[in-house]
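Okay, so chain A shows up in both of these, paired with chain B first and chain C after.
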Partner chain A sequence: MSTTAAPPSQEGGFTRRDFLRRLGYAAAVTVAAGGLGLWRHDAQGPVVQSPKKVLSGLGDFSLPNFRGEAGKMAIAEGLDRAQTVGRGLEALGGMGAFIQAGDSVLIKVNAAFATPPALGATTHPELLAAVAKLCFQAGASQVLVTDNPINDPLTCFRISGLEAAAKQVGAQLILPRPALFQPVSLPTGRLLQQWPTLAGVFTGVSKVILLSPVKDHQRAGASMTLKNIYGFLGGRRNIFHQDINGIITELALLLKPTLCILDGTVAMVTNGPTGGSLSDLKETGAMVIATDPVAADAVGVEILGRRLDDIPYIRMAAAAGAGLADYERLKPVVIPAK
Partner chain B sequence: MPAKRTRPVSTAQQLTGLIILATLGLILVWLLVQQSRFNPAVTALQTPRSTAVAKAGPAASPQATALVPQVAGFTPLGPVQNFGPENLSDKIDGKAELYLSAGFRTLAVQSFTLTQPAGAYLEVFLYDMGEPQNAYAVFSSQRRPGSTGLSFRPNAYATTNALFFTAGNFYVEMILDRAVPDVAAVLEPFTTALVANLPAAAEGGNPAALFPQRGLVADSVRLQAADAFGLAGFNNVYTAEYSVAGAQATAFLAQRPDAAQAAAEARRYQEFLQANGYRAVQNPTIPENITILTLEDFYEAIVVVEQTLAGVHEAPSLAAALDLAKTIQEALTRKR
Partner chain C sequence: MRIVTVRRISQGFFFLLLLWLAVVATVGTSWWQLRGWPINWLLELAPLTAVATLLATGTLYGSLLWALVAIILTAFLGRFFCGFVCPVGAMNQCLGWLSRRGHDPLERVAANRFAGAQALKYYFLFFLLLLAFMGTVQTGLIDPLPLIYRSINLAILPLVDARLNGPRFYVSVWLLGLIFLTVAALNLLRPRFFCRYLCPLGAFFGLLASLSPWRLGKQEAGKCGDCRLCEEFCEGACRPSAAIITGECVLCLNCLDRCPAGRITFANRPSAAGEQGLPDLSRRGLILAGTGLLMAPLWQRGGLSGDNRDPLLLRPPGALEEDRFLARCIRCGQCMRVCPANIIQPALLEAGIQGLWSPVINYRLGRSGCQPTCIACGQVCPTAAIRPLSVPEKLGVADFADQGPVRIGTAFIDRGRCLPWAMERPCLVCQEVCPVSPKAIFPRLAFEVIRDGGDLEAWMFGREIEMEAPLPTRVNLASGDYFVGIMAQPELGLRRILRHHDDRLVVEGPPAPSGMPAERVTLDIVVKLDRPHVDPTRCIGCGMCERECPVAGQRAIRVFNENESRAQAGRLLL
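What follows is the complex of A and B.
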């Protein structure tokens, strides 16, 4: 049987068979490379190094009867923090309306900087002491105090006077440590995906109170209640400053607190959030107590002498369903200074 | 030696080659799209801080430690802490971008307790901004209105509890935890020793002298190092507040290497304003070499005199914008 060779090409001996064979080789290499890529492809992306479960948020601690337009708000005027917070809460039914016997309360303060309380860059220790005391009086079994200041947390709590204030009233200070962090992926989040958060401090907690100062903020325009939640984030969170309104909007969805206490007794009206000069501060004489963090910040904007248009994240958070930017819908109780 | 191709490639071969190239191109595009959607959480988890708790600042460098003086009556509460561009936000989260955009290099911080007033807490921030102009930018942009100017440095002022100044490439903040009757006197021994430690460097010119003096609000000159008025790349722009035509307005001034660059940047600024809804004002009282634009109740003016681009920002009336623009133009023309 004779072999039927493909007809030689007229020029150079390159036959149809040669072409098909080479095409086959090329296809095989392509398929092999593609297959290798597919085999090695990680559809999930880099996974969290910690084996901890990825959370979808930090929890909803709001009270069912105070949600949406049923939320409560009081604005107490005056310069004595213990008095204004007491009178404001009284107008809403007392701390007992929010904290019941046996509750384990987590108070999130703003302890971002190692600065003395007089400079107004952190939650004022007098306010922390007053609120923690009211929680105990309402029957709380324990009061925990926390924040995640990036630079040397213990020094921040110590210099700001918050450590001493917590100790004074028997509240327990929780400093951030690796074991307390757990990744969160916010279901509707664009930025908060597998991001480490201080989730461990919520273990066993039944109520959450945010204690925040009213401050100007160089990047966000204002740092108040919603920005305070930023302190639950770990990692190199400063990268979020490139989309500060976006991240604060997502933070508003990350946690639903029981109560928000926004301290506008003295507001940092310029050079925030660090300030430094006493001339950055202004006596504004208002303590805002609200169940809705967005509404609380909407009042804070007015305390700073600004408009909602100046602080875009408030309307963005409201649009995302985190609360009401029109705080009047909560029918705030205004308590004039004595 | 490989055989040379002796006949043209067939259409089928060409088509096959093109399909393979197109496929590779599509893969490349897909890879680029995926890269652009990079999740920053990966960085957060892969850094040494993956456990999410940051460590204290890096160890103090001998150089920075040497710059912060040890002075009797000022007892250090800890070692000097150093921060660089990568971790400045650890110390001043929320304000780091202000410094980074102005050329920040390093920050040395140390806290002290004072014997006089007894127990007072002092924190000293020593920012190396790389250039005197950068130091001036962060100094001026945070200047507290109504503060007391000090004469020991060309750029220095005090408030009731703090002292702020520039020294060459450095911007210094000295912050007490309380108001004192004369903060400059309280801190004087430390300030003198600190300034003596800092490397000698020229301060640069007096920025206030760049502006016409009529109507200029004292101590209102600022330097915006980057992205002035929201325009990306509109850098190194001096601003000053004026009382003019019964209103307040902001003048601005930026010096560029040559007239062509100044003119090009003026066009870019005008286009930026128009893209944001401003429209040119046509009025016979407006000189040809001054451009006025308006949006709602705000007026902007743009002037170019040789290599200087100048103008008026957010004047509340046409009269105020025009008056100030003419004043600036005349002053710049006289200086030619």
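What follows is the complex of A and C.
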């Protein structure tokens, strides 16, 4: 501190008050820097991963009265998708049995590749339009359509005709973007730990419908309903091909859909899951509608002309409690073509 | 004692302290090695590192709290750090003085005239702080403490301490040396050129000092002639003869010492001749500095911390994932100095321009791979860009058994270059030096007919063989790795060659009973090869294999950053 009273300077008119003001400034710097420093002090050092909110799954959207052996299944035969899906649903009590007024419905399509609908590598746009329309008719307040495809998302939705189909019936397309991904650690999962998933699209959603084509798949045996859930994964998910049956089994536990619609109108029987030629396709004329994704895929295996032994994940998913591999126990209603 | 003598002693002390702390930053148990010496203390005291990492991470790590001492003292007293502590300032001051010996006073006064360009360092400061705010800490490139630590650690000490610590190599260190020499040589243009025009730390202190209660100034105005002796040795070029620029004053106190009339004081009132806090900062300069807000997002466009990362970019064990790493690393070179294997190297562009001089591992240089029980780099890192691992955590034992060892990357075998894979030569050095237990590199046995060694006609008499044609002499057939047999009839078995002379071989087996005639046979000469394979679930990327691989150029086994612990992006295995 100054020992003599500061003489007012001729030029500056400096007074003791000015000095005190500057002292106040220095004291403020001391308090601010000291406070901030001590408050933000980190003696331990950073942790390995920045903690993020981790989900335990994407949700259970199944209807309680359609679980297990009470599940419902219809198989409608024919080649007109709008017709077969409508008749199949009718046999299960109509779309109104699954979708009620005010429901916000998320439709997960398979839009994996940027190929035209005729090549059968993606969910058929006519099917999407028909199902979304039925949802709206049942009173759905909104219908969302999404997938995290393998090729560029927007191109996939465009070329596959799914974007136009959604637009045509008033459904809203959600393209994957970083903000929509959140890590999931499946409690019983060995593979799905801290893995980014497209969880953001489920905000406000009350019902989930999986719309999947029936396709050949070299590594997995077949790509149908359960493999379609793979499209909710983000990150460098292809490391999971080291254990494809394991990951599909966990996917069956990651999400329980309200309804599964497996489109076997035309099946991709060779060169899957990309196809690329009309000669890879075969008219199989079946539309499977089921509440149980495992049972739906068990039918899909037959549509492809394969055996359950060829596709281990179906029995593994059933053993994990995701559904029934023995679909006959659901007493499927078979509706022959008119 | 004169105050400037005190200052010189202080400067000398801190300069020697810096050198000493650099010298002791080596792993060992001698008193002149790392034994609790506070080797980062000067780095921690200079507050720019603390401020930048606080902006970038929201936290202030460990001993960076020392920065508070410098900040608070500066807020009260001005830039004491520049005048009394900073080793770069001391070096510059000394060189500026040496290079002007014999100049006449007017020349000196001219060299110390205030220049508007001194505002440049404030723009640098704002630019760097905005970068830090956007998550990338780049202060260390020009902050004088990291700069001198880096220069001494990587460029100077390796030239002089080879006898103590062995020869040390640093990639592209010529550039660091050149920059250091440039900083020194700039003193020829102006005394303390770096301090006046470039130093962002000085600018930070200048901001704090511009309002400090105690400052230098004239006691009375209007009485001076034009002797300007106060500016003859003015280190800050802060204009003490007229309206002093308080933020530019580095407290060299030469003015106070030189004024023949004793009119200059360090007091709690402003200069009677008027004063100014900071140099005039132009809007244009501040706008240019504002581009710091843009640079980090632009760098992120390159995707170098994600999908587009360089697969050869290996960071020291414990390094945070790339974005968080660059929010802390100040490129001080402490990890590179301390690494006993000398494998931590300053990056040029491996990590992008934003990773210039950050630590990367290079297993071609140095003395060994990353030694499993060494944790020196993380322990010396002043900002925890490399986390301070414990040995159990690095090894993944005891409390850390669940998470497994810290992996730097994964070794991949280049089968086109590997001796047993491509050149029918036994080797297996990589498996031998693999320090993991059980080993991450394992052999698979193969037998191959050597070149020109197939379908050879021979006479066989028990264990002695006489060939029809001379045998290949490129390899030592009696080395124990070579056998004779018939590959098409494996059931007959292979017999190890014990001796070889010209066209005669002796192989394992019983001698022929006497009287038995020699047998005419067709033989293959076969080499036994242990071919290395990497078990990626065990490999920790320590690089012992790459380091020791006898294929000396492009090694036949190399570590890439797949599966490194720090990044989910590079995950290889389920």
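Worth pointing out:
Note that in this section the second predicted complex is superposed on the first by the 285 of 338 C-alpha atoms of A that agree within 3 Å, B and C clash if a C-alpha of one lies under 4 Å from a C-alpha of the other, contacts with A are read in each partner's own complex, and residues count from 1 in each chain.
As a working rule, a contact is a pair of C-beta atoms (placed from the backbone, for glycine too) under 8 Å apart; a residue touches a chain by one contact, two chains touch by 3 or more.
Quantities reported herein were computed from a predicted structural model and do not represent experimental measurements.
Once the two complexes are overlaid on the shared chain, A:Gly235 sits against chain B and chain C alike. Judged by the touch definition given at the top, the superposed model places A:Gln218 against chain B, while chain C stays out of reach.
Annotation for chain A, partner touching more residues between chain B and chain C: B. Looking at the shared chain after the overlay, A:Thr30 reaches both chain B and chain C.
By the touch criterion defined above, A:Gln194 lies against chain B and chain C together after alignment on the C-alpha atoms of chain A.
By the document's definition of touching, of the two partners only chain C reaches A:Arg40; chain B does not. By the touch criterion defined above, A:Asp243 reaches chain C but does not reach chain B.
Chain A residues 9-12, 14, 19, 23, 26, 30, 45-46, 48-50, 191, 194, 235-236, 239-240 lie at the interface with chain B in one structure and with chain C in the other.
Note for the complex: chain C touches chain A at residues 50, 54, 57-62, 65, 67-68, 71-72, 75-76, 208, 211-213, 221, 267-270, 272-274, 320-321, 324, 328, 384, 387-388, 565-566, 568-569, 571-574. Residues 2, 6, 9-12, 14, 18-19, 22-23, 25-26, 29-30, 33-34, 36-38, 40-43, 45-46, 48-50, 191, 194, 235-236, 239-240, 242-243, 246 of chain A are the ones that touch chain C when the two sit in their complex. By the touch criterion given at the top, residues 3-7, 10, 12-13, 16, 20, 23, 39-47, 49-54, 56-57, 78, 89-98, 111, 121, 123, 142, 144-147, 159-162, 164, 173, 175, 177-179 of chain B touch chain A in their complex. Remark: chain A residues 9-12, 14, 19, 23, 26, 30, 45-46, 48-50, 112-116, 118-119, 148, 150-153, 155, 159, 176-178, 181, 183, 191, 193-198, 217-220, 223, 234-241, 270-274, 276-280 touch chain B in the complex.
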